[in-house]
Structure formats: structure tokens, C-alpha cells
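The following pair of complexes shares a single chain, subunit A, combined with subunit B in the former and subunit C in the latter.
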Partner chain A sequence: MDYQQANISDNNFENCTKCTVCTAYCPVTAVNPDYPGPKQAGPDGERYRLKKPLFYNEALKYCMNCKRCEVACPSNVKIGDIIQAARIKYSTKRPSLRDTMLANTDFMGNMATLAAPIVNGVLSLKPVKKVMDATLKIDCHRTFPKYAGQKFTTWYKRNAAQAQQQFANKVSYFHGCYVNYNNPSLGRDLITVLNAVGYGVLLLEKELCCGVAKISNRLIKEATRDAEVNLKAIRNAVSTHKAPVLATSSTCCFTMRDEYPHLLHLDNAEVRDDIMLATKFIYELLEKNQIKLVFKPGFKMKVAYHTPCHMEKLGWTYYSTSILRMIPGVDLTLLDSRCCGIAGTYGFKKENYRYSQDIGEPLFRQIESINPDLVATDCETCRWQIEMSTPYRVENPVTILAMAIDADATRKANSIG
Partner chain B sequence: MKKLDKHYDVIVIGGGATGAGTARDCAMRGLKVLLVERFDFTAGATGRNHGLLHSGARYAVTDGESASECIKENMILRKIARHCVEDTGGLFITLPEDDLAYQQLFIEKCREAGINAEAIDPDLARRIEPAVNPDLIGAVKVPDGAVDPFRLTTANVIDARRHGADVITYHEVVRFIISGNRMEGIVMRDVHTGEETEAVGSVVVNAAGIWGHLLAKKAGVDINMFPAKGSLLIFGHRVNNTVINRCRKPANADILVPGDTICLIGTTSDRVPFDQIDNMEVTPDEVDILIREGEKLAPQLATTRILRAYAGVRPLVASDDDPSGRSISRGIVCLDHAKRDGLEGFVTITGGKLMTYRLMAEWATDMVCAKLGLTDRKCTTAETPLPGSETPLEVNDTKKDKDGHPSRQHIIELPTEQLAAEGRHGSLTEEIRWQNPGDDALVCECEQVSVGEVEFAIDKLHVHNLINLRRRTRLGMGTCQGQLCACRAAGLLDKADRCTERALDDLCSFVNERWKGMYPVAWGDTVSEIQFTQWIYSGVAGLDEFLDGRDTEHLLH
Partner chain C sequence: MKFDTVIIGGGLSGLTAGIELARAGRKTAIVSTGQSAIHFSSGSMELLGYDRDRHPVENPIEEIAHLDPVHPYSRLGKERVIELLKRVKPLFEETGVKVSGSHQRNHWRLTPMGQMKPAWLTLEDYLTLESPQSLPWKKVAVINVDGFLDFYPRFIEAGLRQRGVECLTASVTVPAITHQRESTTEMRATNIARVVNSESVNQLADVINRTCPDAEAILFPAVIGFDNFEASRRLKELVKRPLHFVSTMGASVPGVRTQLMMQSYFRCIGGAFMLGDTVTRGYFSADGRRLLSVETANFADDHLEADNFIFAAGSFFSHGLNSTPSGVFEPVLGLDTDAPDDRSAWFDKNIFKPQPYMRYGLTTDSSFHAMRGGRTVENLIVTGASLSGADALREGSGAGISLLTALNAADTILTSKN
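For the complex of A and B:
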């Protein structure tokens, strides 16, 4: 009987008991009948692909890689990973020019910030949108995020780098493409908050895009190259400063923690736990009474928090919402956890636009019914989607925290000179 | 008692590959044919083996005649049954514990039998089949493959019917009509209702496998057969894409065959008493042997989910001059009971293997034709493709088809369920409906069986219950073993014959039949699966209450 006891499958897809809860939770299956759903695209399809690669089905491109299937799975099957790995391994179609452009956030960001006002203006012109729609199949209904005139890193070097050295405690910051090219003020907000509680914020010796867009557009070689650069910088930062690397984007954070080992097969075990969201870091300091926050009197705001898919996968919504709840005067509603529909570059693609909006519809309606002053979320692409699809402004919880605290009083409370 | 009007030229008993093949051959030669099966086609040994398209190499050293029959039939089946056959190639590997000297003898004997056996470098073997035990010290490449016995038999039945044969399932032959020294017909009993029907014919062919022994007794004829049980395990996915055999004298669990979406390790071999042949259970010891030996062929099997275990009964036939049964032939045995026992109009075709079913059918039909004085009717089954294989395989690696169109590209764009259906039904797939909304909805998700395919099977493939449907389409043969598809399929069958009670009985017996095969391997993921299935069917659907006191045992086949 020894052989029977020992015969346990180590094939993750074989742990599936076919309960189909993944498909019930899949945002795409609900709106797109061409998508086979996570169960069939994942563990079921895997058996067929192992039989013959020609059973690979191009409809797997409809997977948004939101990982809600993995969160739902009671058997711990890495359904999203199986689907993405199959796309990488079996798809015979080369990524298009559009996909390559959308995925190369660093290249596009660097180019665009050089002439931000012109790029922003041009990208919002209807005829330009029509041309992009017709030629590149980037949907004309989509609003592009505005590029900043000055990159976050440029601002940091000129205005903040020196001041960070005076702090005894230091953390590193993985700003991500969005903060660098589109929204440097979120980076500045993080520095404001962390400086006020006694932490200096350093940048990594080198930072490239986390790679999420390249992975989902199957530019795996490029994603791996970038990821290796990031991992090296993160290892150096962690070992030099004995401090974590913080991110303000749930997706960057999730990608570096989980997609690097699962899809790019890069070993990040020694630093994985040191890569975390800023809100988790701040929450834990507060929890241990190592820092204090002093809030502006009379701060009043009705906030609705949207849980991004990768935040759901990280399981860290609690940290961001707890911090928001600590702010006196914040009236927080936690929105139902559901996908907003954009999934990064996915929603920009013409073939996905309609599904993208259909997926987000219930979320948009819920936000409207609450009518908040501000929607909070930890993901930049969710922000674009909600701002485009509803009349509401969206901010990162760190920005709201920066708005709410009295920085001088906080510094004093933490005995910072 | 009911009596069929027709006077048949030949009544064939047994719906396995041999019986179906004999019915086809007889019908193609213009005879009036009745095919009778006790349960469903392929319910016996035909549906309970490896599904190995033997190259014959396995028998080369011990039985040269069988080996050369195998390789000839192997080549024929590739031509006439392309949708039932997969050219996987095969390896005979030598492990450090085996005698490498055997390899030389093996290759020599293979070549004598006409089998293209080629010794290759162990490194090359590891490249051809990455799942093979990396410790191998020798490897021989042979033209083994995989054959789906369900499809093969169904195709023979379809063709027999196309040529005018009548086919009756779920009828057991209970006695023969014998007048003097002449067999004149049969009396068969409906296994569901108990009703008896008489059918008359000039010749009766006993193609009932191991059950042929008992059948012959009813005609007062003794055939010295021995039931040998062989157990196998089905693994959840294809670990190997090439057949892996051990290069040694045939022994337990030394063949690993990739079959459709799964792979199979087997077999064991044990004599069992006749009173057990309808009651095959796989024992824990057998499961142990299969896992232990299987791991030696492909170490990955140790960490691969096992879906189920099953056992079949080989009909071993002792030579007539050796009543002790020590001298067993694996070859084809075709007995003319007129010559042997003085009973005119009765023929037994037995022994042999799935691989040689067509040749067995040819021999039996030759004998039938001789008895009917129709020796001018020549056998054409070796050249005539079976239904489903009339057109060449579209899914192949050649870039262009004969008209210069890129056929492969077209087929790659097909949804998985249509691709899977093409693999199962070959050119018959054209008869499956896809155009209406819902036709492509999946009934069996693991094996990609659509509503259209189920309806096609109900209409065209002699399907009366869920187990028939499983054998015709692979419905319920996948990872979840019927958990999701059984109730959906029962609904479709109910729609087709409008009897909800029968559909519910059917559903109960189907779920029980699936459990029977999972029970011997019920640990790990398989036990979670079955537990979940139980929650659905007894907890949610309340089938256990429905089943209470009902007898569905007779539906288990």
C-alpha cells in the first residue's frame, strides 16, 4: 500500500475538482460568450494541450489575468497562471505593433513626457482617436491617461533626494510607470506622509516597468529582462537598507511578488516578503505604535473604496481601508469587490472595449448610487476606467492620507525636527 | 414468444470488436445479418484493455505468428480506421535491472515477424519521449500506436447497419434452437423486461469472448477457455505521447499507452473463476503493482492523479489436444463445430486480440460463407475504410491539403469542442450540428462533448442510456468522471425519449458505475472529486432518496 499513499499529484491543474466556482467568479465569462471561462481555459484545457498543442484556443486572449478565479478556487489551483502560461507557450500569433506599443510603458512614457502638453492634446483629439482606432485597433472611446510634464524621478533628484538622507529610517520606493510618467504627485504624497512619520524614501538604483503589460501581451523575453533588472535592484536595496521596497500600485506589487516566479520563472523568494504596498507598511507601523498620525481638524470626505483585482489576490484591501477608516471625517464605503473591466492594456484594445465596459457597469452604478466625494483605489488602471466611466475623481489612499494629515503636527508627534 | 420475421443468413452473438467486425464483414459480403449483444457494444473485453495499437513487438519473442498478424493488422487499421488510431510510435526500453542482451533477440525476432524495430540511443529515446525513465540503458523504436476500441467497434456496427445488418443490444442469448444436429436459431431475452424473442438463421457465430465458453455450453459444446483478468489504471492526463513498453519477457504492468486525453498503465494477469467474470474488481494489490511498475516506465506517474481503475477478462483458449489448459494460445481460434462437435451451423471465433479483430472477422466470415456455399464472396474489409475514416485526416502536420488549401490553419481555428469531436468521429463529424445557439454548449467539459455531439450520438450511434453515450463520445470519462455532465446528459436523453423516470434510473446507475472505478483509487484528489460528486447528487439533487429501494443493477453495463 506504500505506493498508494505516496501517489499524490503534483500537477497543480489536477487539483481541480471541477466545482466551477472560478467560472462563476470570472468577470469575462459573464459578458463574453466567446471566452471558455477559467475552468475550461485553465485546468480542463491543459489536459487537451498536453495531448496536442493544436488544442490551444486563441480565445484564451480574452482572459484579463485578474486572478479572481484563483481567489475563488477552494483547491488552490493557479488557474490564471495556467491560462497565462498557456498563452505564452502555445500561441503562435506574434504580438502586434499595438500590443507592443501598449506594453512598452517605459518607452512610451519616456517619449511622451518629453512633449507632454502636445501628446496629451493630440491623444485627446477625436480624429486622432479615430485614426488609432482604425489603424491600431485602440478603441476610440478610451481616454488616455495624461502624461506629466516632468517625470517623478526628475523631480525627485532635483527636489527630494538630498532631504531623504537625513532620516535614520529609510525605505525604498518602487514608483512604477504611472507615478513616473503620469501622476508624480502620488509619489510626492508618499514622501510627504513617510517623511512626516520619520522615514526617508529612496529610489532603487535602477527601476524598469514591473512588466505586467509585457507579460499580458506575451513579450516574455523583454519582461524577463526588465524583471531581472528590478529584482537585482530590489535585492541590493533590501540588503543595504534592511528595509522593504514599497509600491503604491497594487498591480506592480503583485506582479513582482507572484508573476515573476510563476510566469517568468524568476526566483524572488528571498525578497518577496519585502515587496509590499505602502499602505500595508504604514498600517503595520501604526499597529505596533511605532508612528503616530495627526489629522487636520475639520477634514470631511465621503470616500468609496474599490478593490482592484490584484489587491483582492494580494488580500491586502484591509490595510488600505483600515488606514482610510482611521481618518476622522472620512465616511468610507467599501464597494463590492468586482472587476472594473479595464485590466491594464486589455481595455484599450478595440476587441475588448465593449466587454470591458460591460464588466465595469455594476461597479459604476454602485459608485453613482453612493455619490462619494472621491473614489479610492490602489490601482492606476482602475482609476482610469472609473474616471472615464463615471463623473467621479479617483485617488490612491496614500494621496487621501496626505490630504488628511497635518504634516507639521505629525512630524512633531513623531519627534522629527 | 415474439419471433423476428426475417430468416437471417447469419446471427452473430457478441457486440465486441470481433462480433461487430464479423457482422460488418458478413454484411459487406451481402449476407442477411443479425448482431445480438447482451448489454452494450464494447461492454466486455473490447472496452477493457489498453487501447494499444500493437506493432506486434510484444509477442515477437514468444509468439512469432501473433506478432506478424499484429503488424499486418496494425498497418491495415491505420488505413481503414484513421479516426480510431493515433500514430504515437512506441519504445521498448531496457532498464538497469533488465538484461540488455534480450534486446538483440527482441530486434531479431521483430524483424523476422516483419516489424520495423530499430535500436536507438537512450539519449534519443529521452528526446522522443521526455517522460521516459531517464535511467534507461537501451531503447528500441517500434511502430506501436493507440487505438480507441469504442470508436473502432462503433464504426464497424455503423457500417454493418449501412450494409443492411440488424443490430439488437441488451438482449442475452438464453438458449439455442437446435434441430437434430443443426443449429437453427437463438432465443434471446431482453435484459430489462425479461421478454423473450426468437430469431432464426442459417449459421450462428459465437463471438462472445470469454462468455462464449458459457454460450457454447448452452449448445452442448465444450470449448476449453480460461478467464484471465487484467487490471489497468487510468491517469488524469497524458504523461507520455509515445507508447512505452519494457524490453523483456511480457510481464505485469509493462505497457504505458497514451490514449486520447489520458494515459493507461497495465496490465496484471490472473486466472479467475467463471462465476466472477461479470464482477471484476481491482484489488489494492493490483493497484500497488500497477503504480510500482508504472513508475519504472515513467517516473512522473508517481505524482500524477489517477482517475480510475478497471479490469477486463481475456478469453484464453486451450488447444483442443490439451484439456489441462497448460498450453495456451494467444492466437486466433476459429472453430467449426460441425467438424469438431458434429453440430452444423455453429461457429466460434475467439482467442486473438483487439488488434486482430478484423482478421478474426475475416476468418469467421470465410467459414460462414463456406457453410452457405458462397465461397466467391471475397473479403474487402482490409481495403474499405470504416465510417468516419472515409476522408483523410484533416488535422495533420502537412501545410497544404491536396487542393493546395492550408487545411491545418483552418482546423486550428476551430473551437476546442469541434476539434475534439473531429478526433472522435472523423468524417462523421459533418453530421454534428453546430449552427444553432446552444449546439456548441458543453455537456461534458472535461472531454469537450457538446450538445450537438450528444444529440448526434443519440440519433446515429445506437445510444439508449448514459453508459452507451459515454462509450460513443467519451462523455464522463474525464477528470470529474461524470460529476458535471451526467445530469446534463440525462436531461438530453430524457428530452429524446421522454421518460424522466428512466432517465433518473439511468443517472443513478451511471453515477454508481463511475464510482465503481474510482473506489480502488479513492485517495488524494480523486477522493475530493468523488466526495464533491456525492454532495451534488445526493445532497443537492436528492438522488439517494430517489434510488431508495430501486434496482438499477441491471443498468450498470
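For the complex of A and C:
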């Protein structure tokens, strides 16, 4: 008995009962028959791979790492982790130039923000898209998110850093590549909201990409190096300020909490619970009546919330949707939880473009049938996909909260000078 | 986080209780480790199918009088059972799941092995019969899908032949299914359902209309309509002969659809469905009489606090119960179980005999409250397969127990003073 119980692997693959429930919720299985499906690619294939690595199948690259198989699994098998770990361990193909470029979000972001107007202009030119499609296999239907003229960190140092020192309560913010290079206004919105309720927002001493793009493009050494830098900074921040590190991206948050230990084998146990989404932090303060929010009178908005895959895996949709529901005048619809199809860099690749759009199709149709003023979601790549595939604008719940509150009145209600 | 009620388990029982409470305006959360056993539904639900000697039951209500006093139905009492039964069909109707059948008289359903079994409620698009002999046709066609792994027309043919019906078999496909078939291992009912869109339903109807033209009716595997009834209704409309769905092996399309529709309705009326999360620990008051909060894997130190809790985590299959050679136990909250310590008493070596362990479950007081260390936990009600006293598989009572004890639990909570 003890022998049996002691022989359960980290990924729990021995607990698979072959019920096939995971395959019923795999977004890829329904559109791409070249993908063997999560059961076959995961626990079933693992039995063979343990015998002989030659049973490894390159078609595992079609897994988007959305983890919906894990959310559906009644037996707690880490199906997605098994598949990603197998890709890391057994694949003999080297990442291409394109994959390396797509994965190096920091390098690309730093270069691009230096000449943002030119880069934005050039990347959206049809001939350039055709060339990238032909040479790099980056699908020409894709438009890269616009780069900001000024990085969030630059703005922060010049305009916000000093003011944060006056707050007795402080939290740290992991802004992620998207806020830094593409959408600094989301970072500013978080600072607006948290400052209004009496929290100063600090940046980490050093921050690199969370690593999700490098992990999915199998640049594991590079991802591990970045992750170690991030973990060191997070540990320092948590021990210095005795406060959590917030993220506004569900994927950054999920990667640092779960992919670091599961796929990169980095021990984050002492800080894992301190890495959380900003909406979780704000919700908990509100529920404990430690802060108050005052909303603008007459604010009205029809919002549809899309649950990103990694948000579903984190299980924290409740926090973001509860905050949106608290805003008087917000009429919120929770969209059926399903993948939008982009999966980070996956949907940018030419060979995946069609599958990516087929996967997202039911979501796009549901959004159109609801016809909201705004779609809310906690993931930046879901945002790109929905904005590229529907006529609707998408924002993070924190931005909607910043739009809805009366910041001056909120400061007064929380006795902030 | 604070809720009025937290339900542990998101299957038929947990969802039913959750819908009742959320509809009454109570702030309700359901925590569910993955998807539930509804995913293996036959398309029919049973109230009471067989008596003690395994004879089919005609009138389930009458048969309740003959059950053991420890059986959940006996403990509810016949009057209460009848009262609760009246609420079941409207509840399904409300969530959009249409069922037929009556609790006064069982009907019969066709199994994927070609056998007939008594049933109480059956989803609208399935074959139902007044009696096992009352097949309404002389010649019928069993039409399969090319390459589908979990449906065996020859079994059905053999079963129907025994009852004097001539049976033709055939297999059809449409381009979307052929495309899916490139992945041979993924030819499961749920995957076929996901690739059959409105265009392929039209094509499928055409090919079925041309197949076995002299058969009076069509039996077709239940592989249509993943998350709503649109496609299956359309197929029935377009096929010129009566078409009935027959349940398949493996993950069940009607089961997934029922789960998703109930789940979506619960969310729609304000319920919080925490899928893919697991309760890892319970915090009790000092005297052990109340469960104060539960910890889950995803919410960690943000415990789920509630006035009331429902334990609907199922039995051994769904991990609501577990065992080691030294005992049967409830693995998370440490609740008392109704099972002897002596392992040799758990089973009969003859696998075809009733197995005592099938009746094991949690110990509860007269109003189904859980017990812990011999004491009642006043705000924790047990429902469905987690209750002891019934061999649900053998007697055909699983859905009935899940539904009725869940409705009863919701009533207990709604009428209690806190």
C-alpha cells in the first residue's frame, strides 16, 4: 500500500483513468486532427516515452499549453505539464529564428520602443507583412500590437516613483512586457486605483519577461535564467516590504506561480502565495472593509468578461468579475469560458493561424451576439486576438475600474491627503 | 471570501442544490475538482429501477416502501419524496434541458449493448419505450459514424433481433467527420459532436435519408449537440424518418451537454462555479459543531467562509470517499463514514453478488447533517452519492438520490434560522 501511494509522479499521471474528459475540452483537438489530443499526448504517450524516447511525437508542438485539460480532469492529472515537459525533454528540433524572435519579448520590446512610430508603421505595412509571412512564417493576417513611444518603466521613474514613497502601505508590481512596451496606460491605471485607496506601487529591483513565450518556444535555458532574476527580485521585494507582488496579466501571474516550479524546476514555494493578480488583492481589501471605492455618478457600461485560459487555471475569475460587478452602472455578462485561440505566440505562427481562428470562432460569435460596449479580460494576448477578430475594444478590469472610480472622492473616503 | 453556502462537488447533486439556492438569492459557490460524473450519463436518469431481487420495478413510488430504513428515500419518507419529485422536471426545464418520463411509472431505454433497462427521465431526443417488448417497428436501421470508436451496432442488432425486430446496419460520414478521423484515437463521441456544425448536420441528414431506405426508423449514436440542443433537433427535423439517439460508450455527449447547460444556468443566476479547484482542508468551530470555512488549492489562504455547506463530492468514483486496507474514510474534512473496519466485510468474493462497499457513505443525522468524531456538524449537509445506505448502480437510483437529497438540502438551508 505504501509502495503504491509513494509511486505517484509529480504530474500525477498514474491517476489517469482514461475517461477522455480532457479531450472533450481541448481547443486544439476540435480543429486540428494532426494533434493527438491531451490524453494521447499526455498520460498515454508518457507511458511509451518512459519506455523509449523514440515514441516522442513532434505533433505535441500543437499543444497551446492552455491547461484546459487540467481544469477539466476529475483526477487531478497535470496533463498540460506532462505534454510541455515532454516537449522540453524529448524534442530534438531547435527553435527557429522566428520562434526565437517571438519569444524574446524584452529584446524586441526594448529595440522597438526606441523607434516606436517607425516600427508600428513598418510592421503594419502590407508588403512587410507579406515578407514576414514568406520568410519568417509569421502569418500576414496578424498585426503586431503597437509599441508605445515611452516604456512604462521610463514613465514610472520620471513621473510616479517619488510619489509612491509617501504611502505607508506599499505593494510591488510586476508589469510584464505588455505594459512596459505596448500598453503603459494599464500600469498607470493600476497606480491610480491603488494610490487612491492608500497603497504605493513599487517596481521590482529588476524585472525580465516572465518567460511564458520562451517556455512555449522551448528556450528553456534562457527562460530559466530570466526566471531566476525575477524570483530573486520577488523574494527581495516580499521580504523588504512584507507585501505581495501584483500582476495585471493572468499569464505572467500563472507562469511565475506554477510554470516556474513545474516546468523550470525552480523552487518558488516561499513566495508563490505572494504573487497574485491585482484584482485578487483589491477584492480582498474591499471584502475586509480595509478600503473604500467611490464611483463616478452616471457611469454606465455594458461589459462582457472573457476568461483567459490561464485565468481559468488560476481559478480566479471570481475576483475580476466580482470587482466589475461592484461598479454601479456596469452590466456584466460572463462569456462562456473557452479559449480565444491565440495562446501567446502560437497564433502568430503561419502554420497555426487557421486553427487559431477556428478555435476562437464561437467566442467571437458570442461577443457579437452580446454587443457589449467593452470586452474585459485579464490577458493581453486574448485582448489582441479579440481586437483582431471582432470590432470590439478590450480592456483589463483594472482599467475599467480606473475609468469608473472618482479618484479624488475615493482618496477622501480612504482619508488619503 | 464569504458566501451564504459553499457546495463541495459540482455534479448533478451539487448543481441542483446550487441552482435552488442561487435562485432564492443566496450567494452560492460550487467547488468542483474537474468535470463530474454527469459526463458519463446514459441520457436517462433513474429513480428506482430494480427491486431487492433485481426484478425491474414498474412503479418506483410503491417500491420505496420496501427499501431498507437506512436508504435515503426511506429516510426522506414517501410523502416527502413525492413532494420533491414534482420539482425535478420544472428544474430541468428551467435550465433548458428537456426530459420526458414519469415517477409514477418507469419507461424503458435501449443501452449501447442492445439491452433494455428501466428509466425515470430521459432526454428528449432518445428512444423511450413503454415496455421492453413494445418496439414500434418491424424493420429499423442502426446507423453508425465511420471510424467512431465507442458504438457497436452489432450488439444493438442482436438485442433487437431477440425482440423480433429486423435490424439493418450501416455506417455514414460527412467531410467534417472524415477530417476529424485523421486522428484515429480522437474519434470519441464528444469530439465528433464538436466538429458537426450546421453545415455538416445538413449533409448528415442527406446521407442518412439515402441510407437503408426500407427501414421504418433510424437509431443513431448520441454524438450530436455538444453544448446545446440545436444540432440534434435540426437533424431530427431534416431526417425524413423517426430518428432516435442511442447512448454510446465513453464520455457522453448528452451528459456533457446537461452538465454545461446546468453549469451555465447556475452562473447565469449569479452562482460562482469554481471549476478545477479542490477543497484541501476544513476549519471547524472549537466545539466541532460548525464548519466555518474551507481552504482550496486555488484560493489558498483566502478561505471560503459560509453559513452553510453542502457535501456533494460523490463516492469512491469521484473521490468523495477513499479507502486503504485499514479503513474507508472521507479524505478532506475527516467526516465519519458508515463502513466497518474489517476489510473482509467490504466485499463478496462473487463479483456478481451485491457488494457491501457500494452502500458505504458518510454517516449523517436524521436531517442528513454530516457527523465528525461522533458529533453532528450542524451546518454541513450531505447529498447524493456521498450518502450511505443505497447500492445505486444495482438498484438504479443514482440520479434520484442525487436530485431529491439536493432539493431537500436546499430546503433545509432556506428554512433554517441563520
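Keep in mind that, in the parts below, the second predicted complex is superposed on the first by the 406 of 417 C-alpha atoms of A that agree within 3 Å, B and C clash if a C-alpha of one lies under 4 Å from a C-alpha of the other, contacts with A are read in each partner's own complex, and residues count from 1 in each chain.
The criterion applied here is as follows: contacts are C-beta pairs under 8 Å (C-beta built on N, C-alpha and C of every residue); 3 or more make two chains touch, one makes a residue touch a chain.
Just so it is clear, the model here is predicted, and its values are computed rather than measured.
*Asks:* When the two structures are overlaid on chain A, which partner does A:280 contact: first (subunit B), second (subunit C), both, or neither?
*Replies:* second
*Asks:* Who does A:373 touch here: subunit B (first), subunit C (second), both, or neither?
*Replies:* neither
*Asks:* Just to be sure I read the superposition right, which of the two partners does A:315 touch: subunit B = first, subunit C = second, or both, or neither?
*Replies:* second
*Asks:* Between subunit B (first) and subunit C (second), which, if any, makes contact with A:40: first, second, both or neither?
*Replies:* Both partners, subunit B and subunit C.
*Asks:* After the superposition on A, what does A:7 contact: first (subunit B), second (subunit C), both or neither?
*Replies:* A:7 sits against subunit B, while subunit C stays out of touch.
*Asks:* Examine A:48 and indicate which partner it touches, taking first as subunit B and second as subunit C; both and neither are also allowed.
*Replies:* Touch status of A:48: first partner only.
*Asks:* In the overlay, answer first, second, both or neither for which of subunit B and subunit C A:73 touches.
*Replies:* second
*Asks:* Look at A:21 in the shared chain and tell me whether it touches subunit B only, subunit C only, both, or neither; answer first, second, both or neither.
*Replies:* Touch status of A:21: second partner only.
*Asks:* Based on the superposed arrangement, let me know which partner A:29 touches: subunit B (first), subunit C (second), both, or neither?
*Replies:* A:29 sits against subunit C, while subunit B stays out of touch.
*Asks:* Kindly list the residues of subunit A that each of subunit B and subunit C touches, one partner per complex.
*Replies:* Shared contact residues on subunit A: 1, 19-20, 36, 39-40, 75.
*Asks:* Inside the complex, what are the residues of subunit C that reach subunit A?
*Replies:* 1-2, 29, 33-37, 39-40, 179-183, 185-186, 188, 190-191, 194-195, 226-227, 250-251, 256, 264, 267, 272, 274-278, 296-302, 318-319, 324-325
*Asks:* Sort out for me which residues of subunit A touch subunit B in the complex.
*Replies:* 1-11, 14-20, 36, 39-40, 43-48, 50-51, 54-55, 57-59, 75
*Asks:* Taking the complex as given, what residues does subunit B use to touch subunit A?
*Replies:* So the residues of subunit B in touch with subunit A come to 236-238, 241, 258, 260-261, 284, 287-288, 291-292, 295, 301-306, 395, 408, 411-413, 415-416, 419-420, 442, 445-446, 448, 478-480, 483-484, 521, 523-525, 528-529, 532.
*Asks:* Considering the complex alone, what residue numbers of subunit A touch subunit C?
*Replies:* For subunit A paired with subunit C, touching residues are 1, 19-21, 23-25, 29-30, 33-37, 39-40, 70-76, 273, 280, 284, 287, 312-316, 318, 334, 336-337.
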